[in-house]
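The next part holds the structures, each set out as structure tokens.
Shared between the two complexes below is chain A, which has chain B as its partner in the first and chain C in the second.
== the complex of A and B ==
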């Protein structure tokens, strides 16, 4: 008897395994094009890059320990670029998140022309940077419109793009382009906060600020995280604005990491390139780790 | 007695909404200004552009009046379509660069959406520990900036001998992990009962995928396509590194290298370059607004 049952269950197991095998196969086929691409263009070459970063020459190199990294961290251009890029992201990302949330709240209030405003705010996202860069140059030139405006109010004009204020120009360009989309994400999230919760809070005589910070903001915290991530990703692409504004060799305070990488590509210094890529990758993994930690903490606080 | 306070409140509320409206209007003007100015300038004659902006672009080659300060004007002295005629019929270079941008963007857009939606189906339907680890890898890869990913992309395209060809832009772009992430997040919201029901009715995987998941993802497809379009229509990093041959550069890079004597032409080219984006936006705005509400945090 028992043997029979065992045989039966074995048979069933076999059948189940067959189903599993089939599922794995199907799942593999659907994933394959993407997976192969990711492997070939990112993961496998990245392993080679890690190897390059540890040897002293791309061909027949000897193990060099951390020498490449030491060289990188004593490279003034790299340090300058890293400082500028970090500074930009540290200022621009929080601004992009807070201002777009304010815009979303503004449009959430009952004002006329709501959907027209939404379109206006979203429009810069669709306009190519290259198309409007001429106008930005005209506005922020030494003889530009911004200075004329400042002089009306009695301030002295400056050459925006060739001063330490150049970061201000790039940050405004970044905000101009990115606020609209972030705002849309926030509006969708704010719209999905259940009305009855807010009504209950109003009955309990909770003030507007309490409702916003204690209820709405907590309810949309996963969207806040997503907007932070998106803004961070976009902040790395600000090189586009900078390059189109002031070319491959901008004013010192606008020299970004992508400029450094471009110049290193010019000389094809594989050691420098790979060690810089590895350093940035490690840094990004730390940032991602922090974001995940925050997400899991926030998730504990409020489960939907 | 009872009516008075409520009326007062009503008035107060009205006042507040007027203030908010004015703020929104001011913001809207700021947001529209660069675009509107660019379009307005594209209808001005070279002489007028030179008079207004000569100081900025240091055009000393040709004679003519140059105002001392920049002069922002919305309404041209005289509307002219000459720039557009020159761009469209007399300067093949701009058209070529515009065509390059189309040639890079369209195939990447179509193939990336197809590949990503297939992968998203796999991540949605078949979940296990290996899959979750793999999905985590995708999240890390999607967050890596071009500064990092262009190095491996360069190495591989170099090994394959594809540098300075269109494939150098196409191949890495077609398998970008970001759209996989977005589609997966969207598909995981599709109720499992829907798929179970289809299975009981005898639908195979391909039918579940093509008859249920893909149609339900239409909004996400439009909004992801818009995001991909924006990224590739604006691309600067990839051509600078992967395409040394400037003939192959798209207009997004080329526009910044325009001669100062051709500034009036540049405004017309810039306006032409805006058109596809604005058309797509007009078609897809509603999808963009709706299709986005799915995207929560990182973990699916």
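== the complex of A and C ==
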């Protein structure tokens, strides 16, 4: 009897497996176009980049092992660019997250003129970068509005774009451009926090700060992670503004990783370009991995 | 748990790829292993018919009709008794497969009237556009009157219509080389204006364009278009002309391909037109906004500079008329029939590609000679002068696998290509040559351009860049430091100038260009733009006007210097004069200019180590073979022709000094000849006479050179020790310097502040490229 049951069960499993296989095949066919697209336009070119990083010349190069990476890490321009990019991201990303969260909390508190306030912060998103850069150049020019203001208060004018203060200009531009979007994301996340939990907390005499840090922030931690990743991605795209402000070879404190990559591309230095791209990729994997890990730990009690 | 971690890692990696891809860019794989473009499906093949010589100085545009060619040309006949002369216009005919050209003088032209263009109207009748130039001494004005003359196939004029453009007083009116006859109206262009004339010559309409118009043409549908420079885009563009309203349509830029100096336009079917210039023939689809180069003249064995016209035949082939001028005042006429054939149907020659920004006249002719005489190999050319950034476009082609076999390096970054291992060592090919040897070349030239004992490129000619100063002042000095330069300048009398035309910007560029290694070392990555020397140099440059100030002053002075160069030198108020020696004449000119100063000294640019090296510059062509070339031996077989005795002799007549020692010695010998003789190689040598050099009230008659003159020259050649550094790196660095020094010259920043910013920016550049 048990043998019969076993045989029947095996047959059922086989049939089930066949159905699963068929389902997987059908799903695979539907997914294939997207998968092929991702492979051809993203994965394969990246593999080509890895290849370039391991050869010694862009045309018919010989295998060079890690020589390109050694050369890269001894290149002053790369080290300067990496330092500037890290510094910029380390300052700008936390500022972008914290300030936009504060703005979202403010708007969530039903202040007067809430709609106008929101529009004011969203406007920079709609403006093309190239048309706005000119205004920033005028403001931060050696004879611009900012220096005029400083002189009114008795301070000496600063060469904003050609001194160590240039990072201040770029961080300001970055925040001005990105706060609005992050704020909207946080507002949506704050709106989705269950009201009943907050009511319960209020009934139990929890203060506003306790409610915010212990309940709301924990609930929106996935949005916080998303905003951090998004801001991190956008922090690398700031090359666009810097390039328009000061060209391919700016003052050293404005020289970012993408300047390095852009310029090495134009000068046929594919080895430096490719090895820099691979290094960046590895760095990003580590950073995002750490962020995901933190998020998974922080959101454990909610997932449970 | 494990499964979810694996999924998580995969997701993270994929997300990272997505983030990082924008920085890395994409690269496509090479189309084939040899790194060349894949073989084309079609190829253009030429067959030639030589019509012999005709006694005309040049041939105007021509018409092909009913398998006959009709041309006009003119010949200037000098009356040796009176010293006067007159231009005679001729009408010429031949059949396409004929062997001879029939010539007939065009009778019925007015005094001083010449034939400009021969064209055909919609009904197939031939007309000549003629022009008569007149100058009014009283009013100091000149006018050009245009007429349309009717001419039959026998060369007889049968009618005349004068064009009346209704120009205002002092308005220029000069008709371009292209015009259109449509709906019984003649449409012509003059700079930025379009004139539409009625059949009786009266002006029907005048259209003003915002930009300069290069040409006007029509398509197969009867629509009229203009082509010209578009100030907004910076390239060339085509827009439609509405004949009824006179309005111009929106310009199309055809993907950024700029085509200039259009000589002739022929329409095909529908919206297709064919345009020719000295580069080749372009097919343009006006409706689809597409333009492509059908073929390059050299690739079909035709010298583009000699093409006077072309025609699309009924069978789809093209007939091309070329005329080349001979020193005996005659012109050779040749017709080429160009057919499009399948690559597989044409006897295949092995093709070698020669890439250049611009291919000079002499090199072009040599390529054509080689192609016509060689049954096994053909040099195809690719010219990059139509791209906005030729260096970048060539780099992109190289990266994508389209590496040329031979590269003409003028204007390209030699150091970049050497660093990337893209150039072959020419010494290895010279060693195997047997006829040409390393010792054949001028020693100082080869030692200057060698890199680690290898020769990656070799110019065909050279010039010498130096500074000249009075012997009284320099007393035999050949090299000097920056401090000595300043001291010398300060010790000059009141009102003296450093160098005529010197500006602040030019001073910095000049100093940096010739002595860059004093401040920037690409090999070690060292940059010393914040050094005391450079700061001092910046401060010193403030002694000169800025370029803007200088240009403004020149404009106010009617483009004349305040004091002439000869007077400045005579009065001892000029520290330096520049000498760009591409022929010997400057040696005699400076000898006379500095006679009152006891003669002159040749000085190098100031430098830290006080070296006396002179810079080698400017060349007819600078040739290299790509390391990627599959057939270096045969590439060298072409290249070596440029370094043989005959070619070196020919090219150095106009473009600097030859790099071959024996040809250079011959050039010296001929320049020193005091009587007529025939040389061993058959050259008729005549002493130099009748050449004068004038500047304001100063004139020098160039006479046969003496041994002393040639000793000066030989000394200059032996002192060559560097190249004029005008490659891409120099351009990038001078661009940075120009940007930063603006504030300094305007007085907004000190020299030290400027130097610090320059140090920061240039250091980044050098670190990146070292």
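The rule is short, and it goes like this: the second predicted complex is superposed on the first by the 268 of 304 C-alpha atoms of A that agree within 3 Å, B and C clash if a C-alpha of one lies under 4 Å from a C-alpha of the other, contacts with A are read in each partner's own complex, and residues count from 1 in each chain.
Here is the rule we use: a contact is a pair of C-beta atoms (placed from the backbone, for glycine too) under 8 Å apart; a residue touches a chain by one contact, two chains touch by 3 or more.
Quantities reported herein were computed from a predicted structural model and do not represent experimental measurements.
**Q** Applying the touch criterion given at the start, work out whether A:252 contacts chain B, chain C, both or neither, answering first, second, both or neither.
**A** second
**Q** By the touch definition at the top of the document, which applies to A:127: first (chain B), second (chain C), both, or neither?
**A** first
**Q** With both structures placed on chain A, which of the two partners, chain B or chain C, ends up touching more residues of chain A?
**A** B
**Q** For A:136, select first, second, both or neither according to whether it touches chain B, chain C, the two together, or no partner.
**A** After superposition on chain A, A:136 lies in contact with chain B alone.
**Q** Should A:46 be classified as contacting the first partner (chain B), the second (chain C), both, or neither?
**A** In the superposition, A:46 touches chain B and chain C alike.
**Q** Give one of first, second, both or neither to describe whether A:80 is in contact with chain B, with chain C, with both, or with none.
**A** After superposing on A, A:80 lies in contact with chain C but is clear of chain B.
**Q** Give one of first, second, both or neither to describe whether A:204 is in contact with chain B, with chain C, with both, or with none.
**A** neither
**Q** Just checking: does A:162 make contact with chain B only, chain C only, both, or neither of them? Give me first, second, both or neither.
**A** Second partner only.
**Q** Using the superposition on A, tell me which residues of chain A are in contact with chain B and, in the other complex, with chain C.
**A** Looking at chain A, the two contact sets intersect at 41-43, 45-46, 48-49, 143, 229, 233, 236-237, 247, 257-258, 261, 265, 273-274, 276-277, 280-281, 284-285, 288, 292.
**Q** Mind listing the chain C positions that touch chain A in their complex?
**A** 8-9, 12-13, 15-27, 29, 35, 392, 395, 398-399, 401, 403, 416, 420-422, 525, 628, 732, 736, 739-740, 743, 748-749, 753, 757, 760-765, 767-770
**Q** Under the stated contact criterion, what part of chain A meets chain C in this complex?
**A** Contacts found on chain A: 41-43, 45-46, 48-49, 52, 57-60, 75-77, 80, 142-143, 159, 162, 229, 233, 236-237, 247, 249-252, 255, 257-258, 260-261, 263-270, 272-274, 276-277, 280-281, 284-285, 288-289, 292.
**Q** Please name which positions on chain B make contact with chain A in the complex.
**A** 17, 20-21, 23-24, 27-28, 30-35, 37-38, 41, 53, 55-57, 68-70, 72, 115-116, 118-119, 121-123, 125-126, 131, 134, 137-156, 171-172, 174-175, 177, 180, 205, 209, 226, 230, 233-237, 240-241, 251-253, 255-256, 263, 266-267, 270-271, 273-274, 277-278, 280-281, 285, 288-290, 292-293, 295-299
**Q** Touching chain B in the complex: which residues of chain A?
**A** 23-24, 26-28, 30-31, 33-38, 40-46, 48-49, 103, 106-107, 109-113, 116-139, 141, 143-145, 148, 176, 179-180, 184-185, 187-189, 191-192, 222-223, 225-226, 229, 232-233, 236-237, 239-240, 243-244, 247, 257-258, 261-262, 265, 273-274, 276-277, 280-281, 284-285, 287-288, 291-292, 295, 299
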